[in-house]
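There are two complexes below, and they share subunit A, which is joined by subunit B in the first and by subunit C in the second.
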Partner chain A sequence: MNISAIIFYLIAAFILISGGLAVTSRKIFRAAIYLLFSMIGVAGLYFWMSYEFIAAVQIVVYVGGIVVLIIFSIFLTHHVGSEMEAPNRMRLGFSFLAVLFAFAFCIVTILKNEFVPGLAAPVDLTVERIGTQMLSLTEHGYILPFEVVSMLLLAAMIGCIVIALKIPGATGSTTQAQS
Partner chain B sequence: MFSLENLTHIIDHALNNTFNATIAMLIEMVIVGICAITLFAVLGLVLVFMERKVSAYMQIRLGPNRVGYKGLAQTAADTLKLVIKEGFTPDNADKFLFNLAPFLVMIIAMMLLAPIAFTKGLQMWDLNIGVLYLSAVSSVSVIGILMAGWASNNKYSLIGAMRSGAQIVSYELSAGLAVLTMIVFTGSLQISTIIASQQDGWWIFKGHIPAIISFVIFIIAVTAETNRAPFDMAEAESELTAGFHTEYSGMRFALFFLAEYVNIFIVCAIAATIYFGGWMPFHISHSIPFADLFNKGMDFIPGVLWFTGKTFALIFLIMWFRWTFPRLRIDQLLNLEWKYLLPIGMFNLLLATAIAILGWYF
Partner chain C sequence: MAEITLTHLLFLSTALFFIGAFGFLTRRNMITMLMSVELMLNSVNINFIAFNKYLFADRLDGVFFTLFLIAIAAAEAAVAIAIIINIYRNYQSIDIDDADSMKF
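Right, the complex of A and B next:
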């Protein structure tokens, strides 16, 4: 076993352990932190595969974005510090069975599949390549999904602004107008 | 001429000849780690001393001048005091997260050091997404602060952490846009390419108007991101005692303190790399007469000196802000970001793109 394989198993163990702790921890803030570690582990796995761009995006989106969002929403809930009650036995059993079947299904699929090593030479993934592919109009170009997602995000942003907007003269608004 | 690049190559060769590749790599990692930790310790000592002297200068007083020659050993004495102090953990605090938070903040500061080029060849990891890596990893540091604020089980800490979170998340956008503006000119995210593209002049001069606007936005945004005055709402001492690190004492407090100064160093190093050419000496375009002679003359000053000189000049600038501007209120702070900096940054990005397409830069 060379050093690369050792690093792989270390990262994989880190992801699995922190992922497991995230779902079993009964303190909600700790669960969020374990989820954070799991996400960082996945980013580490991408770095290990030298997909630096995807690793950085993983960190920006999941770690810096979504986990921070989760933590903020946890702060806004009640009883953050107290432990959650233990789930009931029945539910625990059924969820365990569901997970077991899903896991077995995955394992069977992976074992059945024959992995053929790709014949194509590995591509050098530079940011220029990703950018060109993203905005290309030709075959395998991603311009349409890119634009659709942009429109969706724009709509979401306008929606947020409308919800947060204070209509002047509306009843019950006691907050002072900002200069 | 003496160059650090040769030194790193000699060490690399010597190790690879003596051991096999794996062990050589492990030894190199250990050497780099020791260098990074030493740099952190030295930076902490130097920057804290510098801050106290600069603040004294701004307020027309002497500053530390008792311990050692002209007070030079003051921060070493302070560190000794912090090491031997007891580290308290408050009752009912989440002990695990409370102890983890300072280390998390520190680890992130260390990770940010990886792609920074100190001089030609003296760089830990020249990955092809250098600048993106920096902004990605620095977005994690907010979690360390939120963790510290929450785990302390203290209302002041929690309020400080929330303020800090809102502030860092907002100002990250402006800093990112400012960097993106410069990426339009450099055409690469790799630190070594960005530095190499400044061989005939730094981007602050070559990129003229958009580069200067972007630099101003970047400096304002990173001052906010490092939670320094005039944006130190997170630890506003007259309102929140000390914000998110109220409950920390002893060495754990020292780690937060050290991480703050290391972060200042890192953001200034990024600014120096993107706008002022990193270790690249002050070169002028070949179209100007006697440019080659001038450039040769500038090359005699080693790259490390250029890099540290530029970085410390920017650190001085940020310290100057701290001791001359009054603190902003939270609504002013968010207004500044969302109503001024972000629209200006977006417009500036368009302007930079237009200039880059038309070729109106030098």
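Right, the complex of A and C next:
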């Protein structure tokens, strides 16, 4: 067993353990921090596969963006330190069984399939090459999805503002009706 | 055992996906359900990068799909949190069982 394999197993154990704690921890703030560690582990896995640009994007967007957003919304909606109530036994058992069988099915399918590695020489993954191909208009260019994603992000940004906007009259009456 | 193959990476991403699915089924809190969805999206990204590295090393398609997935996941998380904050304002709770006024 060489050093690269040992590093892979360490990263995999780190990702799976912190991911498992993130979905089972009863304190919501701790769950968010475990999610943060899991994301950092995934970025480490990209470094291990020598996809440095993707690892950098993973750290910037997930660790620096999404997890901070989640922690921010936890502070807006929860009393810090309070525990969530445990899910009932029946739901826990049936969910575990469903997930276990689906996992076993997927693993059996993966083990049955034989993957034939590509014979072509690997390309060097420089940021320059990624940027050139993403914005090129030729056959393997990705300019159209790039523009579509930019429109999607603009729509999501405006949609967030509209949804989270406080309308003084409307929300007050709904709150009255509920309480 | 000595060499890490594609199967090892697929095992890791499958395990991470079903950890996320387990959280999505058992949690009743909207923010923790969103966190489970993020774990599942991450496992999909690992899959794309692993297939790109081991089977199609001469191309960059897996990298682009991963980049677009990360952008879409960010947009999805932002919209989901806006909806959660709006629900909290109307129901004073983000438990999934409390928001039931559209049930019949």
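Quick note on the criterion: the second predicted complex is superposed on the first by the 156 of 179 C-alpha atoms of A that agree within 3 Å, B and C clash if a C-alpha of one lies under 4 Å from a C-alpha of the other, contacts with A are read in each partner's own complex, and residues count from 1 in each chain.
FYI, contacts are C-beta pairs under 8 Å (C-beta built on N, C-alpha and C of every residue); 3 or more make two chains touch, one makes a residue touch a chain.
Fair warning: this is a prediction, and the values are worked out from it, not measured in the lab.
*Asks:* In this superposed model, does subunit C or subunit B come into contact with more residues of subunit A?
*Replies:* C
*Asks:* Quick check on the superposed pair: does A:E52 touch subunit B, subunit C, both, or neither? Answer first, second, both or neither.
*Replies:* first
*Asks:* So, A:N2: does it touch subunit B (first), subunit C (second), both, or neither?
*Replies:* A:N2 sits against subunit B and subunit C alike.
*Asks:* In the superposed arrangement, does A:V68 touch subunit B (first), subunit C (second), both or neither?
*Replies:* first
*Asks:* I'd like to know which partner A:F96 touches here: subunit B for first, subunit C for second, both or neither.
*Replies:* After superposition on chain A, A:F96 lies in contact with subunit C alone.
*Asks:* Classify the contacts of A:V23 with the two partner chains as first (subunit B alone), second (subunit C alone), both, or neither.
*Replies:* A:V23 sits against subunit C, while subunit B stays out of touch.
*Asks:* Quick check on the superposed pair: does A:T126 touch subunit B, subunit C, both, or neither? Answer first, second, both or neither.
*Replies:* The first partner, subunit B, only.
*Asks:* So, A:L135: does it touch subunit B (first), subunit C (second), both, or neither?
*Replies:* The answer is neither, since A:L135 touches no partner chain.
*Asks:* Looking at A:I33, would you say it contacts subunit B, subunit C, both, or neither? Reply first, second, both or neither.
*Replies:* First partner only.
*Asks:* Per the definitions at the top, what is the overlap between the subunit A residues touching subunit B and those touching subunit C?
*Replies:* Subunit A residues touching both partners: 2, 53, 57, 65, 178.
*Asks:* Where on subunit A does subunit B make contact in their complex?
*Replies:* Checking each residue of subunit A against subunit B gives 2-3, 27, 29-30, 33, 36, 40, 52-53, 56-57, 59-60, 63-65, 67-68, 71-72, 75, 80-81, 126-127, 178.
*Asks:* Residue numbers of subunit C touching subunit A in their complex, please.
*Replies:* Touch residues, subunit C against subunit A: 1-8, 10-12, 14-16, 18-23, 25-29, 31-32, 34-36, 38-39, 42, 45-46, 49-50, 53-61, 63-64, 66-68, 70-79, 81-86, 88-92, 94, 101.
*Asks:* Along subunit B, where are the residues that touch subunit A in the complex?
*Replies:* Residues 22, 25-26, 92, 94, 96-97, 100, 127-129, 132-133, 135-137, 139-140, 142-143, 146-147, 150, 153, 158, 162, 165, 169, 172, 188-189, 331, 335.
*Asks:* In the complex formed with subunit C, which residues of subunit A make contact?
*Replies:* Residues 1-2, 4-5, 8, 12, 15-16, 19-20, 22-24, 28, 31-32, 35, 38-39, 42, 45-46, 49, 51, 53-54, 57-58, 61-62, 65-66, 69-70, 73-74, 76-77, 84, 87, 91-92, 95-96, 98-99, 102-103, 106-107, 110-111, 115-118, 120-123, 125, 129-130, 133-134, 140, 142, 145, 149, 152-153, 156-157, 159-161, 163-164, 166, 171, 174-175, 178-179.
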